[in-house]
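Some structures are shown below for you to check.
What follows is a pair of complexes built around chain A, which joins chain B in one and chain C in the other.
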Partner chain A sequence: MDTSGPAAFVNGEILNMYVGRRVRTVVQAQREEGGLLIGQSTDGHQLTIKGASGAPMLRYVEIIGIAESNQTIRAEVCTDFGENFDPAPFNGLCKLANGQMKDMFL
Partner chain B sequence: MYGGGGYDGGGGNANSLFSGGGFMPSQSTNAVEGSGGGGFPKSRNAQTLLPLTIKQIMDASQTNDDKSNFAVNGMEVSTVRLVGRMFNKVDRVTDVSFTLDDGTGRIHVNRWENDSTDTKEMNNINDGDYVIVNGGLKGFQGKRQVVAYSARPVTNFNDVTHHFLHCIHVHLELTRSKPQGKANTATGTPNQAMLRDGMAYNQGSLPNQASTFSAPQNTGSASDISKLVLSVFHDPTVMNDEHGISVDYVSKRLNLPEDAVRKIIQEEYEKGHLYATIDDHHYKSTMNG
Partner chain C sequence: MDSDAAMSVTVTPGAVAHIMENPSPNTDTEAVPEIVVQVVDLKPVGARLSFTASDGKDKIKAILPSQYVQVVRAGNLQNLGLVRILDYTCNNVADRPDKVLIIIKCEVVCKSMDSEIKSEADKQEEEKKPAIVLTPKEEEESVVVFKPTNALPPAPVALKPKQEVKSASQIVNEQRGNAAPAARLAMTRRVHPLIALNPYQGNWVIKVRVTSKGNLRTYRNARGEGCVFDVELTDEDDVIAVYGEQLRVLVYRLGTQIQATMFNEAAKKFYPMFELGKVYYISKGSLRIANKQFKTVHNDYEMTLNENAVVEEAEGETFIPQIQYNFIKIDQLGPYVGGRELVDVVGVVQSVSPTLSVRRKIDNETIPKRDIVVADDSSKTVTISLWNDLATTTGQELLDMVDSAPIVAIKCLKVSDFQGLSLSTVGKSTVVVNPDLPEAEKLRAWYCSSLKHFYFLVLSVILSTLFLDIILLNRYDSEGKGTSMASVGSDMGGSRAGGARLMYTDRVFLSQITSDPTLGQDKPVFFSLYSFISLIKPDQTMWYRACKTCNKKVTESVGSGYWCEGCQKNDAECSLRYIMVIKVSDPTAEAWLSLFNDQAERIVGCSADELDRIRKEEGDDTYLLKLKEATWVPHLFRVSVTQNEYMNEKRQRITVRSEAPVDYAAEAKYLLEEIAKITAC
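Moving on to the complex of A and B:
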């Protein structure tokens, strides 16, 4: 598994463009179900994160990992982004980074 | 973190030291390069701190004269800001090296430790941490690397989002066809006379709200009209015309009333952006004069 490749900025909606590839996103941790983290993406989707158990609830967590499906990410790295992270600009960034500004990122 | 230095304004981090007022790098006169011998505009622009993604650095072209210089968007780059995660940190006696991964690529970073402040700063950050790196972009043995002037931990993670948005903003600013350079900042506040003339085109936005994010045609403030007029003068075919162009020509080309155009031309003339050529009706831009 290549962990050094670039990771695409994704929100819940853009995730399905990158199934099988490396992505980075920020979710607000909501609950854990059997070792899986359920988080809300910056555009309001429910995402399931594997390998991120123990994440602090209700805080924003950055997930870098492989997109397994359009709502599941297998996490390689999780970073606590705190409670005061603003999801809206991040969501906008995801759209720009996959739209007209894609050349700057991927 | 800075032991009384007072640099760290609580989340402001590197911003306070390097780009406090939110300066935009001034645009080089030839934003789109690649012609005319391939020389990149050399100026103090090269000293500007540019926020970049590592992908942009890896895509950057090397300027012809010296293999250690790089150009992004046709502008020579020497000082950059990068935000990413740190890996492979290696402490040595006189320096610390590490790899920075910002999600778009990876680059090697070197930080010389000249005094104890530097050492202290580098002890603050470790593998896996998000760091803000300000440094010089160098080519060394065929590889691109950054010699860091500062490397600080990200304490407010909105800075990560902000950095990438800043990269996009600067990229758009530099690639937009708008060659009047510093004139932009100078024309910030249109005077009352211009405002009155501009009313016809003004969509109700405040004159100073010509946000750098919006395209000129969206905000119809007076300064945007002068930008529009200047853009005609900066058309390459016009720039090459020795006699310049007439007020009538500008008015026809922009489909704007002649008296409004004349007034703006007069304004720009007084600011030194234009000069009269063969008579009082023909003007030419002072750029590349």
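Moving on to the complex of A and C:
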């Protein structure tokens, strides 16, 4: 298994800690502005995703990519999670993975 | 004389049947009986002539050898004429169910007739005959598929009385007189479809694409040294229009494949010429029945090209035949282990190893190799070893994109028992990344949906790890007979959607039940579980015969029918109701649960009567499949735990009282709450 580029579970707030590194998160697509996708993170922040065009609005999209700033991610992979996704558990997971359970994750 | 003349001006009834029953007459020992047939649909095919031989009632496709072409050209035999067949052979053409009559020797009886001879009975039958229904064939290459094509006009032509077969190129030629020069050139070069090739016809030209090129290998045998290589050739997909009584049917024929082998001088000559993916006109090859032991291409014949063969590159000609796959699901690979048959596989790439160098024992040569792990929707993974170029170039490509979970379709893999079961590429294997196939779409959809639940699984792993930590460090005090057992999750309360509410009360892990044998001693204790079904034993007694009225067990009564003790009556019929044990698993333990009819029906997906019918009528395989589909599915169970005594031993019995499907969002919320509780202290 290739573990050389692990992606950390992040939400809007935690993204800050991983600028320049590979992250994974789920956002709800809000609107598109000139090729950039504006999505709402699971903790209510607005994030800008580069390279994730074509996502239908109000659907949840998983983004894996490099965090360019504390609000921008350059997407490498996008996966459509549809409309039926509860953001709350994911948010909880992000907090655990970066908080108490940090040792369990790469 | 007169009667002779009269006799010869018609066909021999039953001639076709006779030919088919005697496909290879021995003309040395006896003369062929009088066979006169009418020549219908006479048309040139390459350097010979094909026609349909009719005896007034039956028809058979036939080929006239090249020496009769002059006869026809001179007008001494025309369409609707009669011929007496003196020597023939009747052949099975590769992959076609119908036979072909090869005329070896014949003489013209009557050069032309006014019309097609039909027996009276046949005429009436034809009027009533429905439109042609073409049944799909078994083999891939001749799949009959109704597909629209751009080359042909959109509106179907109305009623045509005769049954005629025209190839698409003929139709297009007729309709587009002003075709571009290049296209016309291709069509005037009479190209034979690969499917029509057989060893008895020497004069053919085929237009094929090299879809696989083997390596130039050297060999040594009793006669000395030599070299050999082979190629796989595929011809163009084609559309044939078949005119029936009521409608025109377009039959899409996928390109056929044939293997062509070249030895020594021919191998050296053609090896640099043949390039993978390019199109060539080939003629003067020889055909023979394929050696089933070595063939990997679906064709009854195989071709050999010697130095006299003519190979010409078709300039500017390209057709890309669809690569025809026959995908095997990863969990179905078992039977192929150690065999010669190569398999095709499609799946999602989960990991790619770095390139390794392997030293071959035979000649000490080092070859690059890379292992990839691929998963498909049979929920199984397999390791595929890519060798040589596939390891270096394609392997690198996959490594670069592994995070995006690319889908690969790989053709021609060898199945070996290395590390249980693994796949390996061979010289002719091809790898297509993210192919444009419906199977790839399906896999992508399966993968995405399983990805969503991934986060939920991560949470459950966190919770179970925490829980197990507590168990190991701080054993539960079991004085209070089950009270401590329920403490994890007992004060859930909260608001949960109606029916599922119960599934969060007294939620435990399996180990909490199995590790406490004192549970349920006096009266049953109830718990909720989230676990996966890990096994449904197919050879257990799964049901009992039940009374249709009260569902109690019935016994077979003397005579016929069933006796119900509860209703005190006999019934001719009974229903089957499930009673079985299933094995379930969760991150902490495994256990056997007793399962009854209502929940079993939901889990298996059909009633006991239906499953019994499936087992009897559709066979064991379908029955096993049905059980397999229920395996590794997670469920929420409400169970009761009691203690039984069996042979002086106390045993724990866990019975399913109700079942509910998993609501992942609700589960995830529950897990988070539990984690919070555990980590709070």
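Criterion: the second predicted complex is superposed on the first by the 102 of 106 C-alpha atoms of A that agree within 3 Å, B and C clash if a C-alpha of one lies under 4 Å from a C-alpha of the other, contacts with A are read in each partner's own complex, and residues count from 1 in each chain.
As a convention for this text, a residue touches a chain if its C-beta (ideal position, glycine included) is under 8 Å from a C-beta of that chain, and two chains touch if they have at least 3 such contacts.
Keep in mind that this is a model prediction, so the values were computed, not measured.
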Partners on chain A (chain B, chain C) - clash or fit: clash
First, second, both or neither for A:104, with chain B first and chain C second: both
First, second, both or neither for A:17, with chain B first and chain C second: neither
First, second, both or neither for A:64, with chain B first and chain C second: both
Touched partner set for A:76, first chain B, second chain C, both or neither: second
Touched partner set for A:90, first chain B, second chain C, both or neither: both
Listed stretches 182-190, 272-280 or 380-388 of chain C, narrowed to the one that overlaps chain B: 380-388
Residues on chain A lying within both footprints (that of chain B and that of chain C): 7, 62, 64, 77, 79, 81-82, 85-86, 89-90, 92-93, 96-97, 101, 104
Contact footprint of chain C on chain A as seen in their complex: 1-2, 5, 7, 26, 62, 64, 76-77, 79-82, 85-86, 88-90, 92-93, 96-97, 100-101, 104
Chain B contact footprint on chain A (complex, rising order): 4, 6-7, 9, 24, 60, 62, 64, 77, 79, 81-82, 84-86, 89-90, 92-93, 96-97, 101, 103-106
Residues of chain C defined as touching chain A within the complex: 350-352, 373, 399, 402-405, 448, 451-452, 455-456, 458-459, 462, 465, 664-665, 668-669, 671-672, 675, 679
Complex interface listing, chain B residues touching chain A: 53, 55-56, 59, 85, 101, 103-106, 128, 130, 156-158, 160-162, 164-165, 167-168, 171
